[in-house]
Amino acid sequence: MRFEGLTTTQQALYPVVTAWLLSAQQPLSETYMLRLLNSHQDFKKVKAPDLNAVLDVFQTCLAHSGVALVPSDAGYRVEVVKDYLDWVYSLFEQSPPKLSRALLETLAIMAHRQPVTRAEVEAIRGVSVSTQIMNQLKQHGWVKSAGVKQVPGHPTLWVTTDKLLQDLGLSSKERLIEQLDQQINHFLSDKQTQHSSNLIH
Amino acid sequence: MLPPVLTSCVAPFAIVQGTPIVEAPKGLYIPPNALKVLLTDFEGPLDLLSFLIRKNKFDILDIPVFEIAQQYQQYIDLMQQLDIELAGEYLFMAAWLTEIKSRMLLPKPPQEDEVPCEPDDPRAELMQKLLAYEAYQQGARWLDSLKIVGRDLWPIQLEVAPPTDVVANIDLDGLFLAMQQLLQRAAMRSVHQVCEEPIEITDKIDWVMQQLTDQPVSLWRLLVISEGKPGLVVTFIALLELWRQQLICLEQTEAYADILVRRAACVLRG
Amino acid sequence: MRFEGLTTTQQALYPVVTAWLLSAQQPLSETYMLRLLNSHQDFKKVKAPDLNAVLDVFQTCLAHSGVALVPSDAGYRVEVVKDYLDWVYSLFEQSPPKLSRALLETLAIMAHRQPVTRAEVEAIRGVSVSTQIMNQLKQHGWVKSAGVKQVPGHPTLWVTTDKLLQDLGLSSKERLIEQLDQQINHFLSDKQTQHSSNLIH
């Protein structure tokens, strides 16, 4: 299917949806995208078939490329095709991969609130923490389980490790927590100043 | 009433249909707030000075100090009339301008012929400073003209989990940045939320007690940013309630220091 | 240009290069991609024209979408175009940052004079650098401390980061300083010319 075959609304939708799919760091469900679109004046009446037509065209565009639009239970996600992963890894050899935002956010919460359950992290982040991220954190040796929480379901409690402190160049866990505390204080006091300066004008 | 400074400028303050307007039409009203915004927009005395120089089309390497000093003083007076809190730097600059003025009034010592007087120019240091500052303003404008990631564009970086043998770099800056983004999002969310889930005080009390150990914990750690203001209030009430029941102790070593919270039991034991 | 118009080698190159461009964490220069490709058995003989043909096709595929392949000083990068930035930010529940004049001035001085102390910046700007500005610069990840100056009080020395270069699309710190130098010198010589012509008239 080609772009030219789309309706005017769908053509207007196309850049928005493609920008989302390529920049989102987690799968985007159809429902979620529709909700976000419908909340906007221009796309109030967009329905699932419109979205699907757009996704079809995007899929066609990505044909032959090293990435593909992959649907899963959680939603659509653009992923590097397995066959070309090794090529992407060869980029990492030159410069080690940066950690994803989702991973760093999860780690920051775990460090600050430890011991903490995965559900508690999710409550703060507002989105779910994927198993992939938990595995990466464990693989790097930055978090470990420290028993279970005495609530129904007995979820695992997570704490940060000495290896994380070493990698960050910090002397103690207290220091790490203290530094994160400071960040929060800065943020809150900045907000306060911004707020009061808004009031002046 | 129009402040005198706006009418006394030589340069036109507006151009209407090609005709420069030097004097404000009578009865024109500038809301004090708008004026305030204009005046608080200056990034310090050097910025104000370079604005005046630009406006009057003066030569920055040959500033007419008397005129500049007078106009500068008018702005300072105006700012004070409008109760704008003036940083000390502004007053320092006013004093400096006065000093340069008086030094220029002193008779010059007899000079040997053909020796340029430039090095003794009392304005030299000020002009140098202004020049350097304006040069960096130019640098800032150049930065502003670039396409900047986050502001003008968003680079696409599909997430690829690294192979197991690759060691990832981590540093505190990265962690701080993540924390920052998290807080920003939480702040945005609390603005957007129309109906919020109520946070029960009894739940909060349970939760707080779970967080506490024998070790003192900073009050900040008990505040859940994503819960917004209602959350803060509920946490506060929960803490007061626990304190009233003598289940927790609150400590503050000095004014404005972190408030530390801990279970009361350890105090009894200690 | 369409995929079908490519040579066999170029067709084999296409998925590799597209996977790279979409997953790389920094802009990729032509030289860099060629070097990486040539080091591999299959692509030993790949030359710049092959790469360019592939880039052309990719560009065509991205037409109408919310992203574009953009060359910069530092290399090629796929980015969300400005018109759709707000949509991406709405996905992340954020809004694009505004950069104040005070922040840009401070950054220009720090970049040009690095390593530099806060007091040195203040001396040039003639006004104190607010904690808020320093925090914003740190939060963008654009400046970091690099030790202390060996003078009484041991003030922190600030330098710019690699992230700043990436965010500005510049290839190196030298390039940044050089460009600022140019801007500044250009400005100063302009003023000098104006001054001399004032003296003559």
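Each chain carries a letter (A, B and C) given by its place in the written order, and its residues are counted from 1.
FYI, contacts are C-beta pairs under 8 Å (C-beta built on N, C-alpha and C of every residue); 3 or more make two chains touch, one makes a residue touch a chain.
Here the structure is a predicted model, which is why all the values come from computation and not from measurement.
K.L.:
Which chains touch each other through the most C-beta pairs?
P.N.:
B-C
K.L.:
Sort the other chains by how far their Cα centres are from that of subunit B and give me the top one.
P.N.:
A
K.L.:
Using CA atom averages as chain centres, what separation in Å is found between subunit A and subunit B?
P.N.:
Averaging C-alpha atoms per chain gives centres 31 Å apart.
K.L.:
How many angstrom lie between the CA centroids of subunit B and subunit C, rounded to a whole number?
P.N.:
Whole-Å distance between the two chain centres: 25.
K.L.:
In subunit B, which residues are in touch with two or more of the other chains?
P.N.:
Answer for subunit B, listing residues that touch two or more other chains: 154, 156, 158-160, 174, 176-177, 180-181, 184-185, 189.
K.L.:
Hunt down the residues of subunit A that sit against at least two other chains at once, touch-wise.
P.N.:
Within subunit A, the residues that touch at least two other chains are 19, 22-23, 67, 78, 80, 88, 97-98, 126.
K.L.:
Considering only the defined contacts, which subunit A positions touch subunit B in the complex?
P.N.:
Its residues touching subunit B are 19, 22-23, 25, 67, 78-80, 85, 88-89, 92-93, 96-102, 104-105, 107-109, 111-113, 123-126, 132, 136, 139-140, 142, 164, 167-170, 177, 179-181, 183-185, 187, 191, 200-201.
K.L.:
Which subunit B residues qualify as touching subunit C in the complex?
P.N.:
It is residues 43-47, 59-62, 87, 89, 93, 129, 131-144, 146-160, 173-174, 176-177, 180-181, 184-185, 188-189, 192 of subunit B that touch subunit C.
K.L.:
Write out the stretch or stretches of subunit A touching subunit C in their complex.
P.N.:
Against subunit C, the touching part of subunit A is residues 3, 11, 14-20, 22-24, 28, 36, 58, 61-67, 78, 80-81, 83-84, 87-88, 90-91, 94-95, 97-98, 126, 186, 190, 193-194.
K.L.:
Enumerate the contact residues on subunit B facing subunit A in the complex.
P.N.:
33, 36-37, 40, 154, 156, 158-164, 166-172, 174-187, 189, 218, 220-221, 224-226, 258
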